[in-house]
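Take a look at the structures below.
Here come two complexes built around subunit A, the first alongside subunit B, the second alongside subunit C.
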Partner chain A sequence: MTGPRAPRGIDVGGVDRRAFLRVVSAGVAGLCAGGTGPFAAPDAPTPGRADAFRFAVIADAHLSVDPRNDRAEKALLRAVADVNAMDPQPDFVVFGGDLARDGRKDALAFGARILKAVKAPVRMVVGDHDRHLDGGVAWRALFGDDAYAWTHKGVRFVVVNGVRRVGEGASSATRDGAIQGPLHADDRRWAAFEVGEEGRARLAAHLSGVTKETPVVVLSHGPLYKLHRGWNLWTEDAETVQAILAPFDRVTVVHAHAHQPLAHRIGRIDFHGMLATAFPLPRPPEGVPPLTFPIDRPNPFNPADGCGIGWVRIAADGTADVTHAWWNREPTTVTGRRMRSGGVEDPPPRARRSSY
Partner chain B sequence: MATKACLIAVSIVVGVSATQWPTGAGADAETRRAFPSIPKPHDNRDVVVDGNSTAPGSYGGYSATDVAAWERETYKLVLEGARVFHDANAIGSGIGMSCGTCHPDGAGTHPETYPKYQVQIGRAALLRDMIDWCSRQSARGAALGADDPRTRALEAYLTAQRQGATIRYGKH
Partner chain C sequence: MTFFRGTFGALAVFATSVWFGLPSTPQDAVGPHGATPIDVQERRLDALRIGDGSAMPPGVDPEMWKIHQPEDNAIDPARVALGRKLFFDARLSRDASVSCATCHDVVRGFGDARPASEGIDGQVGRRNAPPTMNLFAVAPAFWDGRSATLEVQAIQPLVNPIEMGMPSHDAVVAKLKDIPEYPPLFRAAYGRDPNIADTGRALAAFQRMLVFLGAPFDRWRGGAADAMSESERRGFALYEGKARCATCHPLNASHPVGTDNLFHNTGVSADKRDFEKLVRKVLLALDYGNSTADVDHLALATDMGELGRFVVTKRRHDIGAFRTPQVRNVAVTAPYMHDGSMATLWDVVDHYNKGGIDNPFLDGGIEALALSEAEIDDLVAFLFALTDDRLAGPKSKAREAQYERSRTVRPFRDVDAASRRRSGFASRVFDEKDAGK
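And then the complex of A and B:
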C-alpha cells in the first residue's frame, strides 16, 4: 500500500478513511494529469473580454482534528468529491475561508491536506476563525498572502482579507497573538470586521490599470457590506471598499461567513453569500438584503440540510450567475439578470418553511 | 479595556482551553457586556403594595425589595444561561462548538413552539429534550438531563430571548 497518508498525528482512520483516500487519490491523479494543482500562484493581470467559464466555491468547513468533529470533516470531503465530479470541471475552486474551527495549526494543516485533493487549482480566502489564534500566521505559512489578484479569461479576480478587526492595527503581523477570547458571532465584545487601510490600498492596487469594462470578481470571507452588526455580518469600512469598486461596470463580490445564501446589490456591485459545508446559520433578524430569496429553514435532524457548495458561472459579457448547490435540496441559481432587474426577473422557488 | 486586556493575558497564559470568560464573580457582568441585548424580566412593580398604593395586592402585598429580588434572581438565571449557551466547555463539547455557534442570540431555537411532536425523537418533545439532543448530537457534548443546572439556565436564556413571541405549541 503506497497510497497517500494522513499527516502525522491526525487520525483519519477512525473517522472516514475511505472518503479521505478517495479524494486524496483523485487529487494526486489530477496533479499527474498535468493540472496546475492546488494553491497555484496567481498570474499577471491581462484585462480583456471574458470567455464563459465556471468556478466553484467551498466555504466554512470549521475543521478541527478531534475525531468527534467528523461531521465537519466528512462534509469537506464531500465538498471536495463534489467539485472533483463537476463536468466540465470548474476552472478553479475558491475556498471561502474558515477552514479551521478555531485557527489551530493542526486543523489548518489537516484542511490543507484535504483541499490538496481538489483537481482544479484552489484559491484560498482567509476567514475569521482561521486567524483566531495568531492573526493569520499559520494560515499564511500554509497558503501564502491573504490578499492577491489574478486575471482569468478576461475577468479580474481580487482576494481581500475582509475579516480584520477594527482597531487591530496597521498590519496584522504586528498584532499576531492578540486575537484571543471566545469567538461567537453574537458576542458584542468583538470589534467589527474591516478590510482596513492597508487592505483597501492593496485592493485598489490590484485594480489599477484594469479598465472599467473588465468584469471584476472580489473574493472575501466577510460580506463587504453592512447587514447585521449584532452577528458581525458587517464590514465597518464597507462604503470605502465599495467606492473602490464603484467605477467598474460589473462587479461581483462572493463572500462566505453567513453560512447561507444572501444576495444584495449596491450600485453596480452584486454581493453573494455562499453556503457553508459545516453547518447553516439562521436568517439574521435584521438587514437581510431584499434580493435574498426566501429559503426553507434547515432541518436540524439532517446535518447536511442547509449546507452545500456553490459555483459561479461567468458569461462572456461578465454576468455572474451564482448557484447554491444544496446537499439536501434542489440547486438554486441566482442569475445576474435577477440581480440587475432588482429581483424582478428569474424569480427563485418559493419557501414553505420560513424562519421563526 | 482593562478587563479585555486581562482576559487576553489570561488566555495567553493558559492557552486555548481558556478562551471562555470566567465563571463565578464577575461572570454576570462580563456576560452582560457580551450580550447587552438580553431582555430584562417583566417589570413587576405594579404588584408592589405600599402605603400609597390602591393595588389589590393579590399576592398578599409584596414590597419593592421583594420585586427587585425576583428580577435579580430571574435575570441571573438567564445570564447564566447565556454564559453556558456560549461556552463550548460548559456543555463538554469535544469540538469547540457551543450552542451559540449555530444559534446566535438563540435564533432558530423557537422555545415558543414547544411542546411539539418530534418525529426524529419519537415523542412530544419539550425544549429541554432538544437542548439535550443538540448538546449530544450537534456539539458532541454532554447529555443534559432535565434537572441539570445547565439545562435550566439554557431554558431560561432561550425563553428570555423570545420575549414577546406568541406561544404556538406544537408548531413546526
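And then the complex of A and C:
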C-alpha cells in the first residue's frame, strides 16, 4: 500500500506505541493516511501492474425532488460519499441509469448537481425512468449522447442505451417526444426493452477495429439478456446484441435496473446486475441466473439494507471482479474466476436468513 | 478539541444543576470525583431490595433469564456478594479513589448524571456512563459493543488509564490477594484464589441482579388498565406507531428492556464530526495497535470514539453507529446519548422528530416524524412510565425538572425539518443562491 506508514510492529522514530497513539489522538498523524480506507486493501492495484484498475458503479437513484420523501436523495449522497472515500480512488465512476424517478427535468438536474461532488470522472448511462417523460431529451441535454465508447488502460468501454422500447420508432438519439405510459414495471402495456437497430449498429461501430483479445466492458441500464419479462428484466433483441459481443475473448456487461446483484454467463460474456441506492427489489419470480448468489432478505425496518454501491476491478489480463458494497452488510465479491468456472471457484458466502 | 472542552464544560455545569438526586441524599454528601459517598450508596441499594442471587430477580421471564445466563457463571449468592463488594471497592483503583460505583452511582440511576465520566486524577472521558441496570438482557457491552459479555467488560475499567488506572490485571489480582477479606470470598464463590477472570465474573453476577422492570407500563400491560394515564397510553401508541421507536427499541417478551442490541447511526452530534477525517485517523491508529486496551483507549479518550462501532469492526457502514441503549428507567439516567449531549427526554424526542442529524451513514430507519407538540409530550410521558416503581421518587423530581426546562430550552427542536418543510440534506447539495429555487 502507498502512503508514508511505518510497517506494523516497528516503532515510529523511537516513539513507543502508546505515545504514538497519543500523537495520533492529538491529530498530528491524521494528516498522513494513505491507502488505508475501508475500501482499500483487497482491491488496491497489484504493484507493478499499472494496467490493473477499478471503477465504481452507482445506480438506480430514483430521485423525485419531493421534500416529503428525501430518502432517495440522501441515499445518492451516501453513495457519493462512499466513492469519494475509496482509497485509492477509482479511475472513474459509472452512473448506471435511473437517476430520476419519472424523468422530470428538475429531478435530473438535481441529480447532476449531486453527482458533481464525485471526485473521479463520472460516466453516465441512461435508464428507462430517465427517458420516461420525453424519450431522453432532458437527459441528453444534461449529459450528452447516450451511446459512446472510450478506451481506458487497454480496456474498451462501450455505453449503450439498453432501455429503448420495442416499437418506440425513430432513433433515440434524434427522437424527441413523450413515451409516457404506466410507470409500474410489472405492467404488460409496457413494451419490452431493446437496444434497437440503430443502437446495435452504434455498438458494432464502437467495437470495430478492436482486437478480439482486448477486454471489453459494456455498460447498460437494462440487462442485455432475458430473465423476466414481467419486470422488464428483459432485452428483446438480446441474442442479436450478444452476437455482436461474441467474437471477443473477455466481455463483461455491467447493468443496473434489477436493484440487486445478479450474475450470469452466456458464452464468454459475463453479466453483472448491480445494487441500487434507492431501494432493493425482490428476486424475480423466474429466470434468476444460476451464477447469482443467494442473498438475505433485506430488513424492511431499515430502508438502507439491500442497497449500496459497487465497483469492478479489472486485472491486467482483463478479468473483472465485481464487488457489491452493501450499506448494511459485508461486501460480496463475484470474481471473474468464479464466472469462468461456472460457479465452482470462489464460492460466495451463504445467506443466513431465508431468501424471498 | 475546543468544541469538546467548551461544550462539555457547559454541559457538566448544567448536568450537576439538573440532577435532583434522591430525597434521601443530603446535598453536601459528596465523595471523591463528585460521586455519592459509598455508605450512602450501599444503604440506598439495600433499600432497593435487589435479590441476593438465591432466586431469579422478580419481573424477569424465566426463559429469558435462562437464555442470558452464561454457563460458566451461574448466579449464586456467594458470587453476587463478592461482586457487590468489588463494585463498591475503591481500593481496586490505582489511588484508591475510584470504584465502579463512582461512575455507576446507585443514587444517580446507576450512572453519574454527567455527560462524560470522571475517573482517576480527575480525567474526564468522552462517553456517557450507561446505567448498570437490566444489563442481563443487553449485549454486547459498551456503546460500541467492544466487549462481548459483562464478564469481559467488567475488567476493562480497572486498567483503563482514565478510569481506575491500575497498571495491569496482574496488579489488580495482587492487590486482591493482599486484602485479607478477598481470598476467602473468591474461594467461596468460585472455589479458587483471586484471579482476573473471576473478578469479572463476580462483577457480572452482581450486575445481572440489578433488575428494574416493575414499571407502570408493566402493570398496564399485565392488565391494570389504569396503571398508565391516557397521555402515557397515547405515548405508547406513538412509540409503536407513528414515532417508530419500537423498530430499534422493541419492548416485548423477547426484548424486555427496549433494545434490539444492534448498532445504528442516529446522527447524534453528527454535525460536529468530520467522520471521513476520523476514519483515516483511526485506521492509522489501529494499525499501530488494536488490542483490547488500545480500542478501549481510542473509544474513551479520543475523538475517534465518535466513530462508534467502526472502531471495533472497521466496516464503513458502522461509522457513527452505537448500540441501541435500553429505554427502561431513562427518566433517572439523564443526560442522554453516547456523549451525554441531550439533557432531557424532550431533547431526545426533538432529535428523532427532525429525522436526526443528517450524515451519509444515518440509519435508514431514522426519518422526520412530524410529531406535534402534544404528541411529543405524550411520547415523553410514556418514556417516564417505563420507570420502576422503586425509582418513583427520583422519577417525579426528574420529570418536574425536565418539564420545566423543556418549556424554555429546546436546543434540538426543528419544526421545519420535522414537518419536512426543509430537508436537512439540501444544504449539502445547493449553495446559497440556489436555496430559494
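What we mean here is this: the second predicted complex is superposed on the first by the 301 of 356 C-alpha atoms of A that agree within 3 Å, B and C clash if a C-alpha of one lies under 4 Å from a C-alpha of the other, contacts with A are read in each partner's own complex, and residues count from 1 in each chain.
In this section, a residue touches a chain if its C-beta (ideal position, glycine included) is under 8 Å from a C-beta of that chain, and two chains touch if they have at least 3 such contacts.
In this text the structure is predicted, and so the values were computed from the model without any measurement.
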First, second, both or neither for A:P282, with subunit B first and subunit C second: first
Subunit B versus subunit C as contact partner of A:W231, first or second or both or neither: first
First (subunit B), second (subunit C), both or neither touched by A:P88: neither
Partner chain in contact with A:P347 - subunit B first, subunit C second, else both or neither: neither
First, second, both or neither for A:D305, with subunit B first and subunit C second: second
Partner chain in contact with A:L77 - subunit B first, subunit C second, else both or neither: second
Contacts of A:E330 with subunit B and subunit C, given as first, second, both or neither: second
Touching partner for A:P290 - first (subunit B), second (subunit C), both, neither: neither
First, second, both or neither for A:R68, with subunit B first and subunit C second: both
Overlapping contact positions on subunit A, where the subunit C interface meets the subunit B interface: 68, 301, 303
Subunit C residues touching subunit A - in the complex, by the definition given at the top: 1, 247, 276-277, 279-281, 283-285, 287-289, 294, 297-298, 301-304, 314-317, 358, 360-365, 367, 420-423, 425, 428-430
Residue numbers on subunit B that touch subunit A, as the complex places them: 4, 7-8, 11-12, 16, 19-21, 33-37, 86-87, 94-98, 100-105, 107-108, 110, 113, 118, 120, 134, 138, 140, 165, 172
Subunit A residues within the subunit B interface of the complex: 64, 66, 68-69, 72, 101-102, 104, 133, 177-178, 180-189, 230-231, 279-285, 297, 300-301, 303, 353, 355-356
Subunit C contact footprint on subunit A (complex, rising order): 5, 8, 12, 17-18, 20-21, 24-25, 27, 29-30, 32-33, 36-39, 67-68, 70-71, 73-74, 77-78, 81-82, 85, 110, 113-114, 301-305, 325-330
